[in-house]
């Protein structure tokens, strides 16, 4: 049997990339949807010791009772190692217990700032947005206070903008030295941006987004063309290892057999 | 049988006076020792609906498993209606859930400010006190944040001073208008001072201590002589109704049969 | 600075004067809403997205009609969506004036159509916060503090329009946010188990339910089942909300349906989309399905029992069967009537 | 501004770099103290007065000897009294430099003789706070906040010498206290039940144990009994301290003796006065009884088992018999060795 799968969806690719980015034995604050799938995949492959944290209160549960439909649902609580509420989950994070956080947004800028609040003119058009999005939820808290954040995005030019309409979840702000520290945040900021086309990171100096790897079927050119601002393209960009047959099997047969998250259109 | 007891200790008198001061169905934050006895006596007489709160965390327990030796001990927890920790107990109080608090001190001034920290020169002699006392514990928090406080004291001239060495538990501070409000406190302040000789309150205008009632065997003169500052003596000072036979029986036979608190010398 | 609901000093004063005695607080849901929920009130909505949302209470509010409401919550779904739908159908009977929120949508079930409708048409006023912010604002309220500090989301645009204040910490000299306390007029809370005095034992995540209950001037609790007081106090460490923070307690089985009540029933993956799709159609201009939904399930019934009776029994059995949460503590006696 | 223990930014950095994995944390108490407790450390002492004080850990510290300690606690009794006694007997081996405290005494058993001795002779430095202050300072630390606001004891003389800052609230314009967080180097905690990863289930009042454990850089937990991990996670709502806040877990039956461990043993009303009377005699100039107490019960034994073996069995049985606390949850399996 071939090692690599030749049939996978963009969502499945994101899940595989997210999973591989995670490190065993780290505490990971899980957003709803694909991050939960990615964490479970990592637990079933290289990271059995990964500790999931859900903002509604569950810490370190076994995710063996079906894929949670919500980060507050009953499926997040089985054999949890701590179970209070939102304040306790975010306090843990603010304290420094959460190594990674998985967040997303509708729009991103080169410094990893994310918008999940509104499209339109801000602040003057705040009370009459062009498009109202669901709002921050816990994403902005994770962006500020998890030690590192992993961002998951649909890769389309209109979502990658030099300037976004509203900063919901702060990344490196304006990219100036120590901008996060000076703003009072606790965590180090965005670590990776995982999209349907590429894996990106941030330049140590300028804090602007840089390409790290292209996903299967993509090139440096196709990624740049799908990005509404100029990416830093280092010399060592590589082609990301495609999903293995085993990874895809786990996603489809074990983790999300009903296809709640990996066969749906990705939500904003 | 006579209605009134003719044989009771000063501690028992304090307990009876404290009990009678309490109102049914009110939430009472209980200090260690005599207040616990007074609350239990009130529950067994006119106040079955009194809700005790203990600073270590227990709220609304049944005090039927023996007199607690400590406000943190197991006997405070039986059938409690809430049971977390110190923060939750004091937060309840700060929020306004506690109608009355029972506190004490080694020294008191005319405005109901109490000292339970140190005797000596403050602040210059703070690190070398003449006599070091146990410290605030939760008394200062109760003094600030219970809606009203009831103070229990041994009545000796050296304990009633125009100026005390250290304000641990604030009363009416300097007695100036709205002094407590301006200092940022939440509760209304001292309501009664119950001693081995008298029941006192505070003048509405000047906030200075005034005599309300003399305990059995005491006169206005004997109370004033045992007080190191001048008391306000209104016209309507009355003789406090002595302990009933039933009250004393309850204290001795039901509440504190081992005499932990009511037959001991009162602790500072 | 303005306060919605009660100011910290008003909230303290109100509670200081309140009857905190341990008494039977059972009352009908109809009476509870009549007595405690007024036009113009700030309602603290407990639960998290579609888990333990106070659906039964919200349906009763809609039946009675309340106007100019402020809704305060961290992440919610069905409860504000139902109120928004009632406003869309008849703003003279039900209306939302303002929301103080972190998130309104339905996670796996999709976005909130009526949040989009109401905001994009500028029919309500919003104040955006993060989940931690709203949780901490309720917590400050429950603690009797006028504000609580917080490190997130420093640097976010939320701080440009909400009432948070950024100051330098006097100890570290680094900037920190100060969040004003939230003291709703009424907390709307659904739990699995309560006793007749209002003590609540929550199973699974507590969300922000204890904080909302203790921050609010009044609290209405619905519970899936009333249990004996002695069974409640046998495990005092498990009491999540103490009775004196509760004004009314009503046994309403399925009071959080079609959402999740941990240990009892899972999300109804049929009914939630049925309602949400009607909302989405309204947003796109087709009013009829939403009107029909309300006429059928809310205005056409007297209470939650009648609402649940309209759902096929097999569908109810299914959400009970697939509920994977921790089963409730074995030690309880359901209270007879 | 100065910090004792870790500053908030140091505490965050330390935790961010720490191994938070779920692993077997059993180790001997001797090794745990060797590894985590250093000269000059700020020790967070859990428990409340003489309930669940970390007596076994403190005795081991005294056997090994530690100098220049800062002790942080709300209300404590035996633990600091034992450390104070060790200092009185041999300050070259054990010494306390400073206490940040609300109360040191023994409630019904009397005042602390050695607090009087050490302070009246100016041998240690004090910082006075209230019970709520110290509890809230640990809570701020556990929350990752540099400070927390508080309304008490405004107006008290405590504010003239401690590090609290009074500011006007930016929302109400009324003054409010800001308390600096406390991040001890090591938390010393005794609980009834833990599992091998460090999850703790506390019975009865939690005191400030969770906050101290989560605020500190390291946490040593002793437990009266280790239970199976599966029995712990069967009731996740009852886990009081999560494993990743714990560095070392040691099963020490009677680890809080002669104090109270709720559900297991009550205060020993013979042994506590025996120790306290020796302290009182030292304060009055008679050193021998205290020396004898330490030689017999602390230096003359290797561990808590040997200490307990010196107490008459009938006395131990009595403190078990009269313990009136809530019996522990029935569902557990004691972990075999």
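Assorted remarks:
Residue numbering begins at 1 within each chain, and the chains themselves are lettered A, B, C and D in the order written.
Throughout what follows, a contact is a pair of C-beta atoms (placed from the backbone, for glycine too) under 8 Å apart; a residue touches a chain by one contact, two chains touch by 3 or more.
In UniProt terms the chains read A, B = Glutaconate CoA-transferase subunit B; C, D = 3-oxoadipate CoA-transferase subunit A.
Predicted model, so just to flag it, every value in this text is computed and none were measured.
Note on interfaces B-D and A-D: more C-beta pairs are in contact across B-D. Ranked by separation of Cα centres from chain B, the top chain is A. Mean C-alpha positions place chain A and chain D at a centre distance of 40 Å. The distance from the centre of chain A to the centre of chain C, with each centre set as the mean of the Cα atoms, comes to 28 Å.
Contact with two or more other chains is made by residues 144-145, 150-151, 174, 176, 204, 206, 234, 236-237, 326 of chain C. Annotation for chain A: residues 58, 77, 83-84, 94, 145, 186 touch two or more other chains.
Chain contacts in this assembly follow no simple pattern; the graph is neither a line, a ring, a star nor complete.
Contact between chains, as defined at the top, is found for A-C, A-D, B-C, B-D, C-D. Against chain B, in their complex, chain D makes its touches with residues 47-51, 74-75, 101-105, 107-112, 115-116, 119-122, 125-126, 128-133, 135-136, 139, 150-158, 160-161, 166, 174-177, 204-211, 260, 262-263, 266-267, 269, 322-326. Those residues of chain B whose C-beta lies close enough to touch chain C in the complex are 25-27, 49, 51, 58-61, 77, 79-84, 91-97, 99, 145, 147, 186, 188.
Remark: chain D residues 1, 7-9, 144-151, 163, 165, 167, 169-172, 174, 176, 178, 180, 202-204, 206, 234-238, 326 touch chain C in the complex.
The part of chain D that touches chain A in the complex is made up of residues 11-16, 19-22, 141-145, 197, 199, 214, 230, 232-234, 236-237, 239, 242-245.
Those residues of chain A whose C-beta lies close enough to touch chain C in the complex are 32-33, 54-58, 65-66, 69-78, 83-87, 90, 94, 117-118, 122-123, 126-141, 143-145, 166-170, 173, 179-186, 260-261, 267-268.
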